[in-house]
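Next up: some structures, all given as structure tokens.
You will see chain A twice below: alongside chain B first, and alongside chain C after that.
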Partner chain A sequence: MIGERYTGWWFVGPAGLVMALILGFPAIAAVLGSVNLGWGSTKPFGIDSYLRLWGDAEFRQSLWNTAIFVVSVVSLHFLLGMSVALLLDRPLRMRWLFRVIAILPWTMPDVIGGIIFRFIFDTLYGGINALGLAIGWIDQPVDWLGRPGLALLSVILAEAWRGYPYVMLILLAGLQAVPREQYEAAKMDGAGAWQTFVYVTLPNLRTMIVIALVLDTVWECRLFGMIFGMTGGGPGQATQNLTLLVYRHYFQFFDTAYASSIAVVLAAILLVAAMPYLRVAIRRAE
Partner chain B sequence: MVRIDVLWRTAARRAVMAICAAALALPAAAQTTITYSDWQLAQEGWGKSLRAAIAEFEKENPDIKVKAEPVPLGQRDVRFSTAIRAGEGPDVFALDTNPIRQYVAEGWVRDLAPFITAAGGRTFLADFYPNSLVPVTVDGKVYGIPMNTVAMALVYNKKLFDEVGIAAPPKTWDEFREVSKKLTRSSTGSGPVDRWAFTVVLAPAGFDLRVSSIFRAFGADFLTPDWKRSALDTPEAKAAFNFIIDMIVVDKTIPPGVSQVDANGARRMLANQQIAMKIGTTWSFPEVSAMNPQLDGLNVLKIAPMPQQPGSKNPIHTTLYQKSLFINKNAKNPEAAWKLIKFLTDRPQMERWFDDNAMLSSRRSVNESYSKIKQSVPASVVANEIQYGAFLPLIPQWPQVLEVIRQNLQAAVAGSKTREQALADANKEVNVILERK
Partner chain C sequence: MPRLRIAWVMTYVALLAMALYNLLPFFWMVSSSLKTDIEVTTFPATLLPRALTFEAYHRIWAQEGFLQYFVNSLKVSGATALLSATLGVFAAYGFSRFDFRGKRALMLAFLASQMLPGVLLVGPYFKMLSLANLFDTHFGLILAQTTITLPFSVWMLKGYIDTLPVEIDQAAMIDGASRWQCLFYCVLPNILPGLVATMIFAFLLAWGDLLWALCLINTPEKQTMTLGITNLVGQFRVLWSDVMAATVIGCMIPAALYLMLQRYLVQGVAGSSVKG
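So, the complex of A and B:
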């Protein structure tokens, strides 16, 4: 009887072990590394890295940049994604083609996107300045990536374009699951387009919106390639986010403990950000 | 019958002996494969001559096969550090001086003492410039063999100088600023400015050599001579820092968008005649010429020592660059790896590096006696500057120190900090890094 009781664990065990190795090992390695217990560490155990974080102005700046970047990009993704999803949910001729076109930005690797946008925003050769000069919008080239505010804005706009299809696809899937009868009932009750959107579409999309926003927030918090390719975190530290700071300390300065401590803090932030998603997932499972 | 029997037995004996000999010879004939990684393998001109040298090495050493692994300079340390930490990585690899102390501190490179002793010890090392051995030596142990050593200097377009009536390159920074104003103009005479005097490199790739050269030519430096404190609080450092910002912000003799300009971007601007001067060295000639063959770079481009600050007492007025070769601590065939290093740093290959890439050797005898180097004006200028040059600080914290200086200079140029604040912040942050255990 006892054998039968535990049979299920034998089936789940191998998959669980693989999951634990793939997901757990890097996480544990990062936590151990942050307190000088990583493999190859020659320093004694200590929490100096976390104490150092507390007084590090560059860490605070990177955290602030990450917050501004994520809030702006996720908001733009939601607006763009929702608008395009609503358009693509309508009966259109050759709708499949528009759907393919709409997800094209998502297919671009973010490092490549970063390099392309770096050229687009280049002061001397960039397309944005060429266009601006041609139509008389500006009278001299703008140093888009050389001014702190403009550089952050440029990176936000570029990532807003590249990443919106992810949110759009989730919302589109949600839109297609909304019962058509509810729209018909709203129409019969005399509801206008805005009222239908607010009282029918949005309530039905609530779960999908939570999922899309949470997953997008997690993704954008970890973003590396787009920023690295476009500005490298500059000018100064104007566009440096936490992921870039981890990269610098780990790969450029070989400071494993400090890089790991930043990564652990970032992971903790992401865990908090992912709570709404986990709640939705648990509720669904129940 | 006897004769046939004897013949048969002899033939059989010979066959058995041949099989035994072949069996014994088999392990000797087995090929050892070693890997060699170098960012210059990823560059067209350098890659070509390195591959030719490797082919020659394999011909001379049929028992060793070399697998070339190009790596972009920007990804070099990421790849090497990840691979070496995991017990892998290329057997032989090239490094510039910046990360050497970190690699040694992490124990990622082998002490070459046994190989150097076998190769002749002090006699073997005697041909290398004494200062070229400094970056690769830690606590008396030699970890790498220098390959190329050059000094940074001022590369300029003589044709653009002639067009505005400037006869000679500037010798002082005041002259440099005046000349720069003349060189910044419209190529058509009436349109917007499309020709500038100079560019400074503010992106990570190339910042170290070029901006440090400006500081040193002002009589300043990033760190004190013992590398224990920041030297950014000196009047000379302030003058150099302000000079760069004035060129960009006040004079506008540097093209806009300078924060994004890396070493390659500066070369492209010189190749396209958007700028008339840049900081470079002998390698600028083939590289800039290849970017724009119509420029006729080998004739139009000239080189001169860095401009100086009158009255400067600092004997060092430029920065030295060096590429050296190292053996990975994880190398499974260190003897074969050493053979490759020795081959690539021997005289014939050193001459090849100059013939193909205009690179000076770390071997004094090559620079002083190779006829093509002796006849080359740019090579003579750069070789002469080596005595006035110094390497960048050889400390494990150096990449972080450099990044702090770069970010603060960028912030001052971008206007997110005042120049005084940026320099003070850089000075303070550098000291914090150096004081940290």
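So, the complex of A and C:
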């Protein structure tokens, strides 16, 4: 670190200016827009948009959908990610090959994943029903994406598949940083595999687990392409999350103030959820 | 000894199960893209194509605009990566090497901005671009993608520059190098792999985006790959063999780039919040 009081600004300045213009400005405009102070707003200042949120059944459903979706998906990501990370942390033959396969789902753009799973869950031509019929789990094709509860489940399963390598990679980075001597010591003390995991691996992994869970939660809360490609939020509003709801209010109903107020609520949720990560990251950076 | 062998067998069985789980949707996509349009709509679905055919790929490539979407995506994603890497390198160097007033707040702003949802910005952004006559242009879309890619590029590059000892800079400056020369001749060559990794991540984030393209692009000839593929499904009767051929093409570039990046993935992902 070299202590020149203002020189640093010459380097940071351009990026800072660009961010202020393309991110800071629209973000502030959105907040102002939500209280009728945005461009072209004809209504007087007021928090009527936020009051409307309280009574809006569609908003409540989207919030609820988001909550169920995020909790289920992040839990599944954690289970799958941890299992695969533990497998890949071992000395293996052809480890590179398994690693390549392990990250493949995550390389798929989310909207493309949504479209592929829309086909996989298709009632007549989809793979899931063909498989279920062949094994005998079901005796007639199930309309996965046409029934509200099943549609949400299908979207959760699809995103669980696509997103888990991200969590796996963060946990794997954590696992590889665990000092090997601690494993040796645990072995000498006669600890079993489970005990080693609980008393050596988990405590060492704590920060990485927090980072993985927080970042994954943020990404899943604002997921757009996957759901847009798979169900478009339907049937009805059964799979519509807050992101899709904001999109619809902006570009289908052109209700700028109301859309902004939902987006502001979503942004607030995300910033609060991200707090633990922000704290860790800032502390590490200094 | 037998216990060890059982553990070994179980590890590989678990790994094979993982491979099967991960690959099945890919397999389904490729297999369906190689079926005839009649076979793809038979009930119940077949696992492997009865007659292998590349018709779907021919049709998709011949379809008006598809090549254009591909080129558009390359252009927008490439420019986004270049823009965020250029601005990012300077900012990262500033954050890594200097102590200045407001540094902590600015770093926090860059970090926290990565947590904001795109839909918060999309409405005001739409109006900004319309006022500046940039709506429905690739330049507007590139700027929009930069809102996502620039903050993480800065953080990722800062991580790489932090690993270089400050003594490198000091030695160069004693020899009479300016700050800029330091950055270009001492720091940049040493973080080149990290710079390339950062750019590829930015490229991939832009490649996978749907929301911005959907909201900011109107003209069919300017659409990106993801948007073009999404519109294929929006039509009345979905030709699944063609759609699957399109998704295979849409997945190929990201998959190839990620696999090349494998080595940097773990550190890059852990160091910043990147996701495609």
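Operating definition for what follows: the second predicted complex is superposed on the first by the 258 of 286 C-alpha atoms of A that agree within 3 Å, B and C clash if a C-alpha of one lies under 4 Å from a C-alpha of the other, contacts with A are read in each partner's own complex, and residues count from 1 in each chain.
Note that a residue touches a chain if its C-beta (ideal position, glycine included) is under 8 Å from a C-beta of that chain, and two chains touch if they have at least 3 such contacts.
From a predicted model like this one, the values you see are computed outputs, not experimental measurements.
Chemist: Now for A:238: first (chain B), second (chain C), both, or neither, which partner does it touch?
Modeler: In the superposed model, A:238 contacts chain B only, not chain C.
Chemist: Let me test your reading of the model: by the given contact rule, A:148 touches which partner, first (chain B), second (chain C), both or neither?
Modeler: Touch partner of A:148: chain B, not chain C.
Chemist: After superposition on the shared chain, which partner residues are touched by A:229: those of chain B (first), chain C (second), both, or neither?
Modeler: It touches chain C, and chain B stays clear.
Chemist: Which holds for A:118: it touches chain B only (first), chain C only (second), both, or neither?
Modeler: Both partners, chain B and chain C.
Chemist: Does chain C touch more residues of chain A than chain B does, or is it the other way round?
Modeler: C
Chemist: Between chain B (first) and chain C (second), which does A:248 come into contact with in this model arrangement: first, second, both, or neither?
Modeler: In the superposed model, A:248 contacts chain B only, not chain C.
Chemist: Just chain B (first), just chain C (second), both, or neither: which does A:274 touch?
Modeler: After superposing on A, A:274 lies in contact with chain C but is clear of chain B.
Chemist: Check chain A for residues that touch chain B in one structure and chain C in the other, and list them.
Modeler: In chain A, positions 40, 118, 122, 124, 141, 251 sit in both the chain B and chain C interfaces.
Chemist: Per the contact definition, I'd like the list of chain A residues that touch chain B in the complex.
Modeler: 40, 118, 122-124, 140-141, 143, 145-148, 231-232, 234-238, 248, 251-255
Chemist: How about chain C: which of its residues touch chain A in the complex?
Modeler: 11, 14-15, 18-19, 21-23, 25-26, 28-29, 32, 40-47, 87-88, 90-91, 93-95, 97-101, 103-104, 106-113, 115-128, 143-144, 146-147, 150-151, 154-155, 158, 166, 169-170, 179, 204, 207-211, 214-215, 226, 229-230, 233, 240, 243-244, 247, 250-251, 254-255, 257-259, 262, 265-267, 269-270, 273, 275-276
Chemist: Which of the residues in chain B end up touching chain A in this complex?
Modeler: Per the touch definition, chain B meets chain A at residues 77-78, 81-82, 85, 102, 106, 192, 203-204, 255-260, 274, 396-397, 399-400, 403, 407-408, 410-411, 413-417.
Chemist: Of all residues in chain A, which touch chain C in the complex?
Modeler: The touching residues are 1-16, 18-19, 22-27, 29-30, 33, 38-40, 83-84, 87, 90, 92, 96, 98-113, 115-120, 122, 124-127, 129-130, 133-134, 141, 161, 163, 166, 169-170, 172-174, 176, 208, 211, 215, 218-219, 221-222, 224-225, 228-229, 243, 246-247, 250-251, 256, 259-260, 263-264, 266-267, 270-271, 273-274, 277-278, 281-282, 285-286.
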